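In what comes next, chain A is part of two complexes: it sits with chain B in the first one and with chain C in the second one.
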Partner chain A sequence: MMYRLKKYKMPLVYLVLIAGLFLSIFPYFWMVLSSFKVSGEIYTRLWPTKLTLSNYAFILKGGTGQERNFAGSIVNSLIISLIPTMSVVFFGMLTAYALRRIKIWGYQFYENLIVYQMLFPGVLFLIPLFLMMRDWGMINKFSGMIMRYLIDPWAIFIYVQFFKTIPESLLEAARIDGASEFKIITRIMLPLSKTTTAIVVLFTFMARWSEFLWPLIVNKDYGKMPLSVLLALFTKGEYQTYPGVQMAGATLLTLPIVILFLAFRKYFEEGISFTGLKG
Partner chain B sequence: MKKSKIGFLFILPWVFGLLIFTVFPILAALYIAMTDWSIIGQASFVGFQNFRAIFADPTFYKALQVTGRYALLAVPLTIITALLVALSVNNDYKGIGVFRTIFYMPSIVSGVAVAIVFKWILDPTYGVLNSFLRILGITGPDWLYDPAWVLPSYLILAVWGASGGLYVYLAALKDIPPELYEVATIDGANWVQKIRYITLPLLTPILFYNLVMGLISAFRKFTDAYILGGAGEEGVFYMVYLYQQAFSFYKMGYATALAWILFVIILSLTLVVNYTKKYWVYAERE
Partner chain C sequence: MESNLAERRNVSAKNLIGYLFCSPYLIFTLVLWLYPFLWGIVISFKKWNLISPRQSWVWLKNYLDVLKDPMLWVMVRNSIYFMVVFTTLTTITSLGLALLIKQVPKKYTGFFVTGFLLSYVSSGVAYSMVFNLLFAGDGLVNNLLKTIGLKVGWFTNPKIAMASIAMIVCWKFTGYYGLFFLAGLNNIDPTLYEAAVIDGANAWQRFKKITVPLLNPTFIMIIVFATITSFNLFTEPYMITNGGPMNATRTMMLEIYHRVFALLQAGYGSALAIVSAIITFGFVWTFRKLFERDDLYDV
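Let's look at the complex of A and B:
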């Protein structure tokens, strides 16, 4: 009996795994497939009789002049994702270096402050920050969507963790050679922290790319909307009956994330331990 | 320039950021919550009037109930699902890496895309789910269009995206010394016993951590609830309610008071994690 159970265990596990695989991937599969279907067949049949690019054409042409410029919104998404990503890396390294390597006066106090800042629930900031952006004239502007995300305590935190591990002798050698502190960051710390930087870049980019609530609040200008917001409003609004276009949009929204994830899976798995804290 | 001076120069941007985007908003939120601030016109100080109004508002209790009920069901469900997934891929079978990768995928994608896709999957008449049930001879419910089925709809979404914790669980499973299982095997323990007496007790710290973090993120749920809604008021989660008060009705003071209440809920949960830290942190290897 035991022997027979062992014999069937492996195929059985695979069967369960494949069932799970199907469930995990089906919504994606359905999304991508539907994005190539003609509207009528999205509801009526799983397998299309013909494939079409019209949904993507609709999106890239900006509809029929309905001020729903999806192609532009992809560029907007890139702007509000890439600028914070670069800035978060830069200020993350700069701050972490001053705290951990220069060990400025009171650095442990600052490090604790960073942890508190990181764990502080952001929901409280939503309205005060919105009113601040309004008073500063940053509503309906990229600056309003970007400003608050230029520095991320989480990134400082993980750079601090990494900088702890770099031997001081490396920095001393550079200092003797007359390198400035800033040069040490760009010439020594940056090349050494490739993995950490990859983690910071990946997680920051993905978080900003998927961002929804903040850009929804501070920007009502269709021309500046990121893809996530434009697509959500499109789906909720008067275009509810365009499932094909919605699926094409959802596919475009998903694609960069999936590609990044598949390409940098290694860093992803390493970064996960930090994201527990990011929550 | 002296090294320490340069150091202070380096942290200056962060200090400014902290003051402008964290400290000041907290102080401002204290004040705003005490006013009848609407987006236009003058704000006047009203003391605790907003809080009194909130605690007298049945919609507030409804939103709290919707969110709390969802949190209580979704969090254990996602933890169990993620754990089962982790256990099933915690081996070195051929191609297991592919399974791990694909099982993790549901949790990386933006809430907007997921919500839009599930909106159509859950469609009562044309949705894939009900079409599938029809093949089995079952008449599916109206999902998001039936107040009684809104919560189950959101639970389906939660369970589908449950694999977010996968790698955390896998790391925790890897940390369990294999000798423990070997000894158990020698003692004649079967796999159920091994999971019951070795795996689960050693995972409790991480399970607890995920429980609290899951509760917090359930209370902050916004994106998919905003897009999907739900019949009656069953889809009005706390954050959706807050958003409506602030940005549909422009009751900034009232909404900020709501944010404070949510803050207290989240803070209490965070403090619980911190308090119990000593029980779960030690298990992690440095």
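Let's look at the complex of A and C:
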């Protein structure tokens, strides 16, 4: 290819890339390292003289039974992340199948509607949705934190894009064999859309796990707070002077999504070309 | 005739199943999308403290209050500041990253892409906490700068606090947009470069005349994203600066949160939300009109 640099310049390319990678990963590295340091050494020295687990011990059992049950908040985070993730995948597939494969009456209208829904800024819905949750008695409940995230137009859009590429003959064959439409989804579409589903799972789980503003607004019950909110409130409050504990908490908040990302990274790179942007 | 009838019956049976599959989405759209959207508009015409049953109509008063409040222009200014810094920084870092990765043999690209994407998956609360400590007055970065006799109030100097936030958001998104630029670069037909070389174009000319125009969709994407983010920024300023110092990092979202959930001004907050959405749309529309081109290949 014409566009390649001359060979002697390649070491420079690697040097810049490695330096960039260092900057990109260093905050993580520093976070994890600091979470094992004694508080006095966090600001003053990069390499600790001794490592300690006390920050984690403090965060995981320091407040059990009181209002800072971090172990419990991890479970809460899992609840408000996993339920929407499963629901978004299920209804995303179901709706996209009806629109793109069954082509129900008016499907083009609905597909356009979905694009509009993706573009509408969330700020418009914040206050009325909060009021609805309040009127429905869902404040301080998991249902209030989860409800609005059970269906995601973005996921439907992604599945519609993918279902366009599946040949109709495959579905016809199944129909002749007597398979119901629902069976076609679970037996044919689901296994075929592994990459798409992996991307929907990854992005949805990431967004829900990191969610901050919405659970901050609809839930004031410490016992139901997800990790992100509990950590933020205590960082701004009484943990301000405990940087080691803060970094232990930040590590716990970061770790699950990093692991999920590393496990799913091959789908991520495959899928990014057709899935488009997701802020 | 008979087969026609059977076919029609088949179509309506399919429609029935299809609408059954769609019904959760349709109900969701009516109840949790259309209804709150309309209600939000209604509330913006009312004066209401969220609690009392009295909701009196004040029509445009909330909007006039929003437009008269000098804070609105402070927030718009902050957002534009963020947009400019974030777009510039992120374009440089992610385009640079994509150009560099493009030079690397295929077997190593996966490693670099994965490495640079790690920052993208970080959670807003967690990375705000980390950068807050790293860039603190006596934090690691200032300790390093001290060796050359500098000390920067990253989040405490009102002149640069918003730029610092733009910088950490750029840290998060460099790998992500780098991936889009890389996809854009891979889509460019290599024969274009070959033809340009035969015509005697040097590297800079090729970059300016081929690469940049053909990456237009990716540039537009970053600009649109930066615009939307700049008005919706919440977690980072909430965690690090609380809108300060001297309102330098106050954003629409922070203000709405404050007005509605601390001061209980539901009407004012709703009007502000709608104004903020209109301003965002205005910016996005203008930028697309100015920069977007749909004639990529007939240069």
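Everything below uses one rule, namely that the second predicted complex is superposed on the first by the 259 of 279 C-alpha atoms of A that agree within 3 Å, B and C clash if a C-alpha of one lies under 4 Å from a C-alpha of the other, contacts with A are read in each partner's own complex, and residues count from 1 in each chain.
The definition used in the following text is that contacts are C-beta pairs under 8 Å (C-beta built on N, C-alpha and C of every residue); 3 or more make two chains touch, one makes a residue touch a chain.
Computed from a predicted structure; not experimentally measured.
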item	value
Chain A as common anchor, with chain B and chain C clashing or fitting	clash
Partner chain(s) touched by A:47 [first = chain B, second = chain C, both, neither]	neither
Chain B versus chain C as contact partner of A:16, first or second or both or neither	both
Partner chain in contact with A:210 - chain B first, chain C second, else both or neither	both
Touching both chain B and chain C, residues of chain A	10, 13-14, 16-17, 20-21, 23-25, 27-28, 30-31, 34, 42-43, 46, 91, 94-95, 97-99, 102-105, 110, 113, 117, 120-121, 123-132, 147-148, 150-151, 156, 181, 206, 209-210, 212-213, 217, 228-229, 231-232, 235-236, 243, 246-247, 249-251, 253-254, 257-258, 261-262, 265, 268-269, 272-273, 279
Residue ranges of chain B in contact with chain A within the complex	3-4, 6-11, 13-14, 17-18, 21-22, 24-26, 28-29, 32, 37, 39, 85, 88-89, 91, 93, 99, 101-106, 108-121, 123, 125-126, 128, 131, 160, 163, 167-168, 171, 209, 213, 216-217, 220, 222-223, 226-227, 239, 242-243, 246-247, 252, 255-256, 259-260, 262-263, 266-267, 270
Residues of chain A that touch chain B when the two form their complex	10, 13-14, 16-17, 20-21, 23-25, 27-28, 30-31, 34, 42-44, 46, 91, 94-95, 97-99, 102-105, 110, 113-114, 117, 119-121, 123-132, 134, 147-148, 150-151, 153, 156, 181-182, 206, 209-210, 212-213, 217, 228-229, 231-232, 235-236, 243, 246-247, 249-251, 253-254, 257-258, 261-262, 265, 268-269, 272-273, 276, 279
Chain C - residues contacting chain A, complex	14-15, 17-19, 21-22, 24-25, 28-29, 32-33, 35-37, 39-40, 43, 50, 93, 97, 100-104, 110, 112-119, 121-127, 129-131, 133-134, 136, 138-140, 143, 171, 174-175, 179-180, 183, 190, 193-194, 197, 206, 221, 225, 228-229, 231-232, 234-235, 238-239, 252-253, 256-257, 260-261, 266, 269-270, 273-274, 276-277, 280
Footprint of chain C on chain A - complex, ascending	1-5, 10, 13-14, 16-17, 20-21, 23-25, 27-28, 30-31, 34, 42-43, 46, 91, 94-95, 97-99, 102-105, 110, 113, 117, 120-132, 147-148, 150-151, 156, 181, 206, 209-210, 212-213, 217, 228-229, 231-232, 235-236, 243, 246-247, 249-251, 253-254, 257-258, 260-262, 265, 268-269, 272-273, 277, 279
